[in-house]
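Each of the two complexes below includes chain A, the first together with chain B, the second together with chain C.
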Partner chain A sequence: MSATSASAVAVLRAAPDPRLAAALRALAGTVGALALAALLFGAFLVAAGHDPLAVYALLWKGAFGSAFAWQNTLLRAAPLMLTALCVVLPARAGLIVIGGEGAVLMGGLAAAALGVHLGGLGGMALLPMALAGALAGGVWIGLVGLLRERRGVNEAIGSLLLAYIAAALFKHLVEGPLRDPASLNKPSTPALPDAARLGELAGSGVHAGLVIGVLACVLAHLLIHHTPWGFGLKVAGGNPRAGRMVGLPVGRLAIAACGLGGAAAGLAGMIEVAAVHGAANSALAAGYGYAGILVAFVARQQPLAILPTALLVGGVAASGGLLQRRLGLPDATVNVLQGFLFLSILVAEPLFQAVAQRIRRRRPR
Partner chain B sequence: MAALELEVVDLGKRFGDFVALQGVSTKVAAGSFHALLGENGAGKSTLVKCIVGYQMPDEGAILVDRREREIRHPADADALGLGMVYQHFTLAPGLSVLENLVLARPRLPAVLDWAAERARLEAFLDTAPLHVPLDAPVATLAAGQKQKAEILKQLYLDRRFLILDEPTSVLTPQEADEVLGLLHGLTRAGRLSVLMISHKFREVEAFCDEVTVLRRGRYVGRGGVAELGRERMAALMMGSEALPEPPARAARVPGVTRLRVADLAVHDDKGVAAVAGMGFDVRAGEIVGLAGVSGNGQRELVEALLGQRAVAAGVLEVDGAAYRGSRAEIDRAGLASLPEEPLKNACVPQMSVADNLALRSFDRPPQTRLGWLRRGTIRARGRELIAAFQVRTPGPDAPIAALSGGNVQRAVLARELAQPRALLIVANPVFGLDFASAAAIHQRLMAARNAGAAVLLVSEDLDEILALADRVLVISGGRIVHETTPAAADRHTLGRHMAAH
Partner chain C sequence: MSADVDLWAVPLAVFAGAIRAGSPFLFVSLGECLTERGGRINLGLEGALVMGAMSAYGGAVLSGSPWLGLLAAIVAGGLLGLLHGLICSLPRVNDIAVGIGLMLLGIGLAFFLGKPFIQPRAPGLPAFELGAWSSNPLVREALRINVLFPLGLAACALMHLALTRTRWGLALRCVGDSQDTARALGLPILRLRLSATALGGALAGIGGASLSLFYPGSWNEGLSSGQGLMAVALVVFARWQPWRCLYAALLFGGAGALGPALQAAGVTGAYHLFNAAPYVLTLALMAFASERTGAPGELRLSR
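Up next is the complex of A and B:
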């Protein structure tokens, strides 16, 4: 460990470009955190009486080992990309939004409620559904931003509590006014007409939502890093005082970032409904909104880094079934790994900084 | 309890490649009042931090009463009787003086016997040379009393060598004289030795016996205050640098009113009125100096003028129209600003120097074309400004937080004043800068005024205001209490108005 960190430091020192050095430093921190999580999870497996190497091999197989595994992983990665944006965009404005799950539910519900009536539109039915999903999610998280800017409600708490409200509202509507009377043991909204279903990408077994997720991340990257709006958002989030001094509408920027993030999560809900479930029901509350937080933090709030990270986290989730079948590990095992991942990422940053500082201090004159 | 003698021998300290101190030797005799002079970055802070254990010197020795001591930690300095009073107050404002003094004791029992503590403290106060009401919450004390309480705390903790870091910057001239006079008395009585960092020659001449002067981390001289005299002290501080010319004031009649403030009320962070019933005008072609002791509403006023703080009530107008500080309004007004604490108020610390230099211009051509941010242009423009204003930075891509305070200030200056501006709002613009940089900023402000800009200069440095302003306003308790001109002003009257509330 010390040898690798020493050589990493040597690389950092030699790097001529500070931006490259910063990128390398960030990458080193992330890789270190992933290694730490793997170690901790390994220890957990040993304690539970399993061979960690065998589990990791199986985990790899379940995530990326076959065409079917890839299919499974990609299906899970698609909504994660969008829910991660619901964390990343507000984070640019300095806000920590952790209630993307609420936007997923609201977006899915809105899309399902609208989609039922759009059978006659043919292929065009998906567009209004997507807009409805994005709008519902955007309003939901936009409300978080509004509460924060106008009433001083902490956005982390506000978004989390609103996610509970969304879940309750969702349950009420799906089991009550919007329920399909035919859905007996699993209350659902009426099944979507075929025109309102999102198809798969030519023969891949993966639905078109993946393209939407990738596209959204690329667009978010361009928006954040290559438009004056993104620059202003960064200023407002980095130091609101400086932002106000140069005349930026700091509060409105933050609300807009929340709205955009919520729209992405709402779109994730629409995609799940239109491509996977075919109606809005409790299966929509699969925790994509919460897993998106993990993805965003591992990706260090960078939209393009979401892409590989969503694959990783999607893959871990995809392998859960295989672990259960082959090793008899409980379904929640992969959640433990996710938990370790999250903790390590949170710990790694300050830890890495402290180590770097110590090395710098010991540096000979 | 006798005063301590302190000597440093060949002290050296480096931060990476930066030499903060090298071969510094000096001695503070027991019972003397010693001044430590030097420009910013001369190493004064590093030296005193080494003495009180916040930093370890890389080389050299510290002798206390002629015995070499290793001071690795502030607790070591405490044990030796070395103490420090900071520029800003370190007492808990919500607690009483009594509680603050008790809590300052290094070892407290798990359960406090307040009656016993009070008795102890009262016994101590009977012998103390200064008095502060014990049961008043610190927040209700005037600045001078707070500073006295800080000193009382040091005496209560049996400190026999006291370091003062610009102790009078938050005091009126009268309060400063009282506090320093008191300390002077304690040194004469042989109870204390004092080492004071100061920028104010007036105070050094009035109270100090000897001075040590540092320049760029090195010892450049020491001697009796009376023998050296003000000119020689200044010359030692600045070295061979030529004294900059005072800015030339062009004779001109002020033009139209640019900035108008009337009945303005602004609240502080707790929602308490920090500014109330404030009113003044700033006209084109004049510098209006706003003098006052720190904490009398200046910060909140400036924040309100810059759009960083909501206006609770009243009128804030630029060119006769209500002003809210949007980008369009800023543009129309030609407003620029040098707020105090530039890293906190005017920069985004984790963003690059080039990006920070673009905060005013990023959304217009050539930085932005057709909605596309041109990062190459921002970087190139950053490079130009860095060169033109001699900002010392590893490069345009380095985060601005990595720069020294003076260079952050220079970067903000570059951004704000690279092109001519018509309305300037400036707060303590040279705080912490060396003579040459300070003079350069003063030249620019005067040049802007001569060219017809309206300038509001908020400063706690009376000298700065008297040198630059066309009109002087005194702020106290969140309102304007006095108006005069530099020619008609006398320090004593100004000091009285500054203290009045």
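Up next is the complex of A and C:
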């Protein structure tokens, strides 16, 4: 009896649940990467003549230290969840899409242009606006996928160029054909009617877009990990040749993943317009599309991991103002930290592995 | 508004813009070309460009000499390029993702460190007044050639020679075309790639210096309009040949000057759309002129 249980334990130790083990290993890698980023950024602060501990304390305070800080963080996390999906979904098909900002702008503009005319629909006005936003964003990033699969245009560069083109188109339309003549100093589309505004969650000061963001991440998780379509996408992204051999429509899967990702980012634009700005104007180009890339990479392209990561990245952004006011740090401090974070995530795992390998080689068992 | 002036102003401004705004494109695309001949893509050249612009301006303000500023830009860009090469030498690291990270870091560092330099004026780089013979101020302006432009021509020639006529260039191309062959030949793959990416970063730094020290000749956070990223597309268009990078850079500089030139001539309706011309052009070139002839075999772009 004891012998069998001992051997059972040994077997269990040797082969733990592989998915759990993989998740734990990924978590350890991410924590290590965060620590590395904190170390590098701290060294940078010391070199620049600042006290890193004071900066980190203030970062925490500005991100999670009070109800107001939480509100600020959550407001930023909501669009980040959606723009991160614009990176994660194409990444499942093996594509690096970094132009989500274009989908945010197109989605926000489409929703604003439509919403102005929907004052009579009452509470139903938000639905067509959300659809318009998702459609505009989906078409925009879907185009990236199409250009990649049909014309061989590298998706990273293609999506970025399309983001620049979207910004120009956005400015042209907001300052020209779609401009509200009453918006004098800051060109803007006409203000949305009340029916087309997205309200807050029960007096929390946080708008309902947060729920949409969380739901979208959960849906994306189910889609990727629990449906045949998601499995096909994984195969097509991991090994396109094998995918083609078993008859998967590899190109169409990639384009669809881009379209879905773009729809998420377009929805982020719609939410920003309907909940925060009340119209489409230059404030929409706040860089959520670009920060979403960072969120997606830190989350290691896992939709559920986006949730805590969006809080982290949103919190860092939320504390930027406080760093500026209290310590007189430039507003780009947050960008420097983001840069270190991104590189640490990419470097940490191979670096730790290389170090571990060297140690193992030095001390043979 | 008299019609005859307007008629000439637009092509003249586009010509002037081709050289003036083409210079940053030229350097950064040469840098990208060299990097890619070694088999890697460096999107981080955008970061090197912005960091170069800041370092050049800051260096010129602090030292009083634009040439020392240029040197600072070369060093800053080179260091960022070297970092890309080092990180990519780790196993299973995606060079495009590293480039995005370096772009974020480079831009962040430049904005952070460049904050004190937004106000002061830096001494600019000198220019050759080739239009001194003309009484027309437009012609004079158009023929005011930035001192970095001939330097760029020299860099083109040098890179062409280095790639085709030197042992280093041959070895680098071999590494870029087939890592396995390079390993079998016993070439120092890491050292070759590091030298190419570092030099590429330095060239991007010079591109940044031409932005901050010549045209537009100031330092602020909106200085770069993505030249470092568009360089990747330019190099595809140039089919990885240094001399073709020159033509591509001139084309893009000219396309970028179209919007402001038309606005100056009174065509204001679609200002922003004309500003998007270089991006549309890039996309069209990549979609319809995308024969992959001449692409280094190890390049992720061609797989």
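As a convention for this text, the second predicted complex is superposed on the first by the 339 of 365 C-alpha atoms of A that agree within 3 Å, B and C clash if a C-alpha of one lies under 4 Å from a C-alpha of the other, contacts with A are read in each partner's own complex, and residues count from 1 in each chain.
We adopt the following convention: a contact is a pair of C-beta atoms (placed from the backbone, for glycine too) under 8 Å apart; a residue touches a chain by one contact, two chains touch by 3 or more.
The shown structure was predicted, so the numbers you read here are calculated from the model rather than taken from an experiment.
Undergrad: Give one of first, second, both or neither to describe whether A:Met245 is in contact with chain B, with chain C, with both, or with none.
TA: first
Undergrad: Does chain A have more residues touched by chain B or by chain C?
TA: C
Undergrad: Considering only the touch criterion stated at the top, classify A:Phe231 as touching first (chain B), second (chain C), both, or neither.
TA: Only chain B; A:Phe231 stays clear of chain C.
Undergrad: Now for A:Lys186: first (chain B), second (chain C), both, or neither, which partner does it touch?
TA: neither
Undergrad: Check the residue A:Arg325 against both partner chains and state whether it touches chain B (first), chain C (second), both, or neither.
TA: The answer is neither, since A:Arg325 touches no partner chain.
Undergrad: Applying the touch criterion given at the start, work out whether A:Val153 contacts chain B, chain C, both or neither, answering first, second, both or neither.
TA: Second partner only, chain C.
Undergrad: Counting contacts the way the document defines them, which residues of chain A are shared by the two interfaces, the one with chain B and the one with chain C?
TA: none
Undergrad: Applying the document's contact rule, which stretches of chain C touch chain A when the two form their complex?
TA: 43, 87, 90-94, 96-98, 100-102, 104-113, 115, 221, 225-226, 229-230, 232-233, 269-273, 275-276, 279-280, 282-283, 286-288, 290, 292, 301
Undergrad: Can you list the chain A residues touching chain B in their complex?
TA: 17-19, 225-228, 230-232, 234-235, 238-239, 241-249, 360, 363, 365
Undergrad: Going by the contact rule at the top, pick out the chain A residues touching chain C in the complex.
TA: Touching chain C from chain A are residues 48, 96, 98, 147, 151-154, 156-158, 160-162, 164-165, 168-169, 171-172, 175-176, 293-294, 297, 330-340, 342-343, 345-347, 350-351, 353-354.
Undergrad: Under the stated contact criterion, what part of chain B meets chain A in this complex?
TA: 14, 16-17, 58, 303, 306-308, 325-331, 337, 339, 344-351, 355, 358-360, 362-363, 367-368, 371-373, 375, 394-395, 397-398
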